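A, B, C, D, E and F label the chains in the order they appear, each numbered from 1.
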Amino acid sequence: MPNPSFQPVSGFDLPRFAGVPSFMRLPHIQKGDKLYSDVEIGLVGVPWDGGTTNRPGARHGPRQLRDYSTMIRAVHPVSHLKPFELCNCADLGDVPPNPADLMASLDRVSTFYSQLKDDGITPLTAGGDHLISLPILRGLAKDGPVGMIHFDAHTDLFNEYFGGTKYTHGTPFRRAIEEELLDPRRVIQIGIRGTMYDGEDIEFGRANGVTILMIEDLMERGFADVMAQARDVVGKQPTYCSFDIDFIDPSQAPGTGTPEIGGPDTYTAQRLVREMRGLNLIGADLVEVSPPFDPSGQTAWVGVSIMFEILCILAESHRARLG
Amino acid sequence: MPNPSFQPVSGFDLPRFAGVPSFMRLPHIQKGDKLYSDVEIGLVGVPWDGGTTNRPGARHGPRQLRDYSTMIRAVHPVSHLKPFELCNCADLGDVPPNPADLMASLDRVSTFYSQLKDDGITPLTAGGDHLISLPILRGLAKDGPVGMIHFDAHTDLFNEYFGGTKYTHGTPFRRAIEEELLDPRRVIQIGIRGTMYDGEDIEFGRANGVTILMIEDLMERGFADVMAQARDVVGKQPTYCSFDIDFIDPSQAPGTGTPEIGGPDTYTAQRLVREMRGLNLIGADLVEVSPPFDPSGQTAWVGVSIMFEILCILAESHRARLG
Amino acid sequence: MPNPSFQPVSGFDLPRFAGVPSFMRLPHIQKGDKLYSDVEIGLVGVPWDGGTTNRPGARHGPRQLRDYSTMIRAVHPVSHLKPFELCNCADLGDVPPNPADLMASLDRVSTFYSQLKDDGITPLTAGGDHLISLPILRGLAKDGPVGMIHFDAHTDLFNEYFGGTKYTHGTPFRRAIEEELLDPRRVIQIGIRGTMYDGEDIEFGRANGVTILMIEDLMERGFADVMAQARDVVGKQPTYCSFDIDFIDPSQAPGTGTPEIGGPDTYTAQRLVREMRGLNLIGADLVEVSPPFDPSGQTAWVGVSIMFEILCILAESHRARLG
Amino acid sequence: MPNPSFQPVSGFDLPRFAGVPSFMRLPHIQKGDKLYSDVEIGLVGVPWDGGTTNRPGARHGPRQLRDYSTMIRAVHPVSHLKPFELCNCADLGDVPPNPADLMASLDRVSTFYSQLKDDGITPLTAGGDHLISLPILRGLAKDGPVGMIHFDAHTDLFNEYFGGTKYTHGTPFRRAIEEELLDPRRVIQIGIRGTMYDGEDIEFGRANGVTILMIEDLMERGFADVMAQARDVVGKQPTYCSFDIDFIDPSQAPGTGTPEIGGPDTYTAQRLVREMRGLNLIGADLVEVSPPFDPSGQTAWVGVSIMFEILCILAESHRARLG
Amino acid sequence: MPNPSFQPVSGFDLPRFAGVPSFMRLPHIQKGDKLYSDVEIGLVGVPWDGGTTNRPGARHGPRQLRDYSTMIRAVHPVSHLKPFELCNCADLGDVPPNPADLMASLDRVSTFYSQLKDDGITPLTAGGDHLISLPILRGLAKDGPVGMIHFDAHTDLFNEYFGGTKYTHGTPFRRAIEEELLDPRRVIQIGIRGTMYDGEDIEFGRANGVTILMIEDLMERGFADVMAQARDVVGKQPTYCSFDIDFIDPSQAPGTGTPEIGGPDTYTAQRLVREMRGLNLIGADLVEVSPPFDPSGQTAWVGVSIMFEILCILAESHRARLG
Amino acid sequence: MPNPSFQPVSGFDLPRFAGVPSFMRLPHIQKGDKLYSDVEIGLVGVPWDGGTTNRPGARHGPRQLRDYSTMIRAVHPVSHLKPFELCNCADLGDVPPNPADLMASLDRVSTFYSQLKDDGITPLTAGGDHLISLPILRGLAKDGPVGMIHFDAHTDLFNEYFGGTKYTHGTPFRRAIEEELLDPRRVIQIGIRGTMYDGEDIEFGRANGVTILMIEDLMERGFADVMAQARDVVGKQPTYCSFDIDFIDPSQAPGTGTPEIGGPDTYTAQRLVREMRGLNLIGADLVEVSPPFDPSGQTAWVGVSIMFEILCILAESHRARLG
């Protein structure tokens, strides 16, 4: 029976435009609160864009995602999954970053997620730029490398920028592989496109065993075929999902820092995510929503709609891990 | 021979940005005017959003739709239908609503459309939120239930909101079925998607014989197959068409109150509408364009482009009914 | 000594873009919560625009005002008042409206504020359209009429709209005077301007003793002189303050439904509010912020900055009443 | 007694967002219509920007000005003038321009206004870029030069652009003086500011007797003193008023092609216009509103508000000329 | 070995938001500069919209396209072509137009391109409205007619507008065929759609041998089949490519003057352009980007991304012509 | 006689919307270019926002400021100063920052400005967030502390943020005083306002001799009186001018990260700057323009207009120093 303390406010009781906006209208709970120990899935914001090399603003992502998330209802239209009944879900607030200190901020994030792991909470994160996936993985993969399904227009496997800078939103997965947080043979990247610097990122990835699918692969093979391969790549072991909003075509998600034209639409994105059902998903993030580049909120609405799709999978995975 | 009194101003004579903007640059005629008795198809605005449960603004729809409609030309690019030559078309102005009195406004709308029916005028309506379809149907279906082809992301078959409210933009077709304005077995809904409250609306619809196609049905089967089914469902009897702009993906029609991602594109929408050719269409509406959420006018441009597609079908139907 | 449970989160601890946005980063407390009985000043949202006769959207006001209120700091720059140390302030959430039922919504609001009065809480409200001031006054003035300082471009003293409609955002103070919630001889209106229907509203007001100052009075006499008169008009008895954002020039506060050019700037607005210091202020509202007409948030930022100015006055008044 | 055929639709009968938008909700009348011969003041659009040397879009001005003009009510708040009762006012539609043929368009405009003069109609024009004032003056001043009160950030007295081009929106009044449409000793320009090419325009103007007041003159002397001088300059003979929206500070009227910071606010603009009362005003224009640079409509709202102020003066002047 | 003087600034050295924005961060070189004689491919702006019949603003296209072009990197993601290594590419600045003199501007453009042809430079042009293709062709095809692959929603084969105007952005290719700049049998138009005036443009085109493919042809046959036909139509002789941004659906490229719904997405556009590989391309343009209708820059980003796709083809063609 | 190599392109020759946008259409010159040694005044961009504690985007400032600066003409309207004739002015490009490395970026800026000082070039800088003033002063004040006239809503005299962070856009002048780059007794701050953390910044400043004027001082005393004091404070010794765009009211300059209502208008800002004439100005900056928060460019237009006002003063100062 669903826990009444963890049900979102219904739009039939309080109109969707009303109320203090927590993620999906869930209770806002912080470590130390009475209900904290019952939380199973934690929605967390990481308001950070210090790793952004071009257009900033992702630090404002969690705020706008929360705002638009109040339009999310309770039941999945196709699978009929009810994540808020499957697990106790809560908004755990934001990890406090220091916008003027990159390394300190990474530490704060990894500490926060390490604690979540210790507390048995499965996290669904709203970014923030893509650099945040690195400290999240440091927290979640402290026991050993995990697999990853990565939706993105870019590999984020670059080595360095600006003559030696190792930590930017273009490098998290290079670092994660080096730090053995990710098992590259269990990593698949889907949707890569856009003009290239020199291709060294792709060479590195493939040389290390990462499966990299260009957008043409997705468009020609279709979502079902691509995701069958993804399920093969990651297998049944613990797997993380990282979803960069710039995976989706910028006409549908313009509020992001590094748009690349020729991307898939949201329908395809939804179908791809749904095909992760049954995997052993231990966490996920939705990153790179930059509200200043889309004050209309359209991108945030896409983002939280995808977050709900992922949440359904995560809730089932969490339940399954509990046996 | 086309009636010169009912031809739109040509963009070759007066640039499209010039002039007082009536619908499609047609003559603005009101009951009592000399030309009124010759009108065959009436374009009508219903500037109303009092039934809106979340984001308002559809009251401003007719104004912005008129503005963008001055970019519409005279001939259909594929069918080569010329609606303004087939029928005498006119802008009949707006039904005056009372923004602070819901029930009075519904009455004004039903009175207006009942009169149109008596006057033999086939209406093409620009909304307004979706609640307006109810009083329109009260006017048009006063002799008996009609069929309906309904393009929308939502069923609008809910029973009530906010603990007992029966009249909102989420309930018009529940009421219309209860009031026997619609024959549910002759109703088809296309494009349903988005997170659900509990699914009771769909259960009610299907239990009463409504054909409900989810977006996945449309995407997998294609427009031709779906519309073949639609034609079977409605048959040759009088049929209404209701087109909610949120049927179309919000990246293409962002100016609406309840967007749902993963929708069809405008090309698909055009192909769907064209497949209604030959049906006995007695009226149609295009609703839920909310200009404050799209000051760019892109949504209104989509809306009037779809209205022109529908107008071609309506004009042929009207002509056919006259024998 | 300030109560640590009621201090806003500092921007030095958590950046201003981070966290779940309650009003001014205060604790979000609802009736039934442990801390509720210690609340002295309650910040309340009334997300409602059902009384709006032209451009809607004020229902979204409280959400956007909360968002921008996270940029407010703790100390007044001129008076050096520290409202969060003077009183226990909290965000009490939103009164739940029913967007499709005007009379039911008015009842919900008056019930809520009547309860606040019983609980000894001084309310500072974020609207919502101006009609909400009526049910707020029904709650706060149930023991007898109060005075009012009213900043607005419009008198809101109209009798009816649309042939008989008595409750719109243009009529609240006509009703409040009729219901003896306001003592018209203790009411002053400042900033009136814009084209007029017929002036009947002004005639009614003046005939009943309301002091109505046109914008020319303010511009020619200056803020100090006008507010000296205002203090005379309201005296030492209980006084309400209603601040319509359209008082301010639309270039500075464009996000509102009924803008009138030729208004005062925000500097003048701040100076006016500060001159209320020492009055017996029992509550206040800031209304008519309509986010869809200003997605930039500039208007909301003006609104919450004015709310902070008022809060300083309210906190001192509340403290003074406690002796 | 006011002529009922020429009264605007009231916002108490039909909400301001409803209906086909003619100027100030007046009847839309064209030459040949039955009511045309009763028209005394004609509101006319000249949708033209072919003379624009930098940012275009003023061709869209009349459309957006009509849209926002539906928020204008019937009575002036200070003078209590009722222009629609003083004179029969009507929307005469737009002069049809040819956007790709400058000289042909000028001819169409001068022909139109020459006809208005013959028909005894006093015109109030919505532009369009400032070049349109030239052909308007060719129509209105065909019997001899007139005076002019000119509100603008620029003199528009340049000789030529781009190596010999004589007709741009920077040259109309140079040409008008050369063509003896304006009597330069009866011309005053108010509000001039912004970086200069070389000052030759000002030298020409002053050498020919034009009174040119820089913005510093206005700011330091105030509206009353400046307008006393203006009344002296133009005297009691026929006078035209040309109001370039860029006279007003761009923060209040951003939608224009050549903004200059440091301008007056709308309150000052209103006070200036009101001081024209009693002059022999034979026509006026409001130009350079460019909607693409202000989709919010704020500039258009300022524009029509100023148009109403001017209309009050024009109506009284027209009435006075009839004796 | 690539010429170091012609390499774009790398985003690894200077962040993409920094620096004076030339096209693709290439050197800005003008005739007379030392490096001019080494230029092989010239990127040129033609900031002009004097031929626009409805919504202007394309004069601002080159500026915004330059701005967004700084996000383009150096290598094509699929073909791995490196245009900046294949040829010496440079930004040649803008052709200076006279916004108030149409015929003079056409002459300036044709003179500029005639010179480029004499200098052996292959041009890639950023418009400007579509009329600019006519003087460009006058320069490039002075030795005899060329073929053309034309991506557009409109044929631009109209004869005249506004009762006799021969030169607008709707007529360039009618004129180019009449002037024997284009060989109509070697011209293919792809993507035609939208409501029609009367179809005379299409009749003229087909009667003269132009291959005109409606959008339905493209959607049903796919990019590969359509481009196979295109390659057959133009053959191996010199061919121009004209890409009107309104070819792409307005949801993806809203910043344009004459949008038509139901268009292809950017992925399809990219695939179409890539199929031109191997043709004898002598120049190309990307026109009708109108920044005032898309201040977000999304359309410009689409535009420069397509320009890069075309540049890869052009560079290979130029190299091939040199043997 | 003015040096022809350093004259901006005239808008009479090339329309203002055309061409590659350098600052004020001046030549773009880099160290190593032939003309570099003749440069007297260098306009420099510092595209940086790594010190921003709330809303980012100032890294995009120089680009947008360059874009709008092409609307600046050559002569001051009141003083008739011609800066481009007084000195050889050039656009020196941007200092390349590293967006992910704060300390490295500060070093690059100070190195750049130290070199300018050595080269005898007086810099006028376009930021960037306010932290950039620190490394600029490190370059310019390496010989000893300078005075400063500082226009801003904030003191930027804070000690640290986020528990110990010393370098943010709120701390540059605390650091500059500590590092003896500024002589605090020769520093005046004008326009301070907005809610305060605790006032420690003001206490520090005043304790060290800084003259801090609140906005009320400016509004009540007027620009002339305040600037007389400013001239007294800084005297005849070398003085820097730092102009934070948030000094100006956010209704006039909304595109900035930390707006405070109740600020002065642009007219006042212009008058204030003009009163610096005759001072020994050795450099200046205009900072905190954040384009993502004002895509309209209005803020950038204000910014470059103020930059031109300052440039006139700088040019006269530079000339005077040369004797």
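Definition applied: a residue touches a chain if its C-beta (ideal position, glycine included) is under 8 Å from a C-beta of that chain, and two chains touch if they have at least 3 such contacts.
These numbers were taken from a predicted model, which means no experiment stands behind them.
Contacts with subunit C and subunit E are shared by A, B, D, F. Following the contact convention of this document, B, F is the list of chains adjacent to both subunit D and subunit E. A repeat of the C-F interface exists among D-E, A-B or A-C; more than half of the contact pairs are identical by residue number at A-B. Among the remaining chains, the Cα-based centre furthest from that of subunit B is the centre of F. Farthest from subunit C in terms of Cα centroid separation is E. Note: centroid distance subunit A to subunit E, computed from Cα atoms, is 39 Å. Annotation for subunit E: residues touching 2 or more other chains are 13, 15, 17, 53, 55, 59-60, 98-99, 161-163, 249, 251, 265, 293, 296. Counting only pairs that meet the touch rule, the chains in contact are A-B, A-C, A-E, A-F, B-C, B-D, B-E, C-D, C-F, D-E, D-F, E-F. For subunit D in complex with subunit B, the touching residues are 13-15, 17-22, 28, 45, 47, 59-60, 62-63, 66-67, 91, 93-94, 96-99, 295-297.
The part of subunit B that touches subunit A in the complex is made up of residues 53-55, 161-163, 192-199, 214-216, 219, 249-251, 254, 258-263, 265, 293-294. Those residues of subunit B that touch subunit E in the shared complex are 10-13, 15-17, 71-78, 80, 249, 251-252, 265-267, 269-270, 296, 298, 301-302, 305-306, 308.
Those residues of subunit B that touch subunit C in the shared complex are 49-53, 55-57, 59-60, 98-102, 161-163, 165, 167-168, 292-293.
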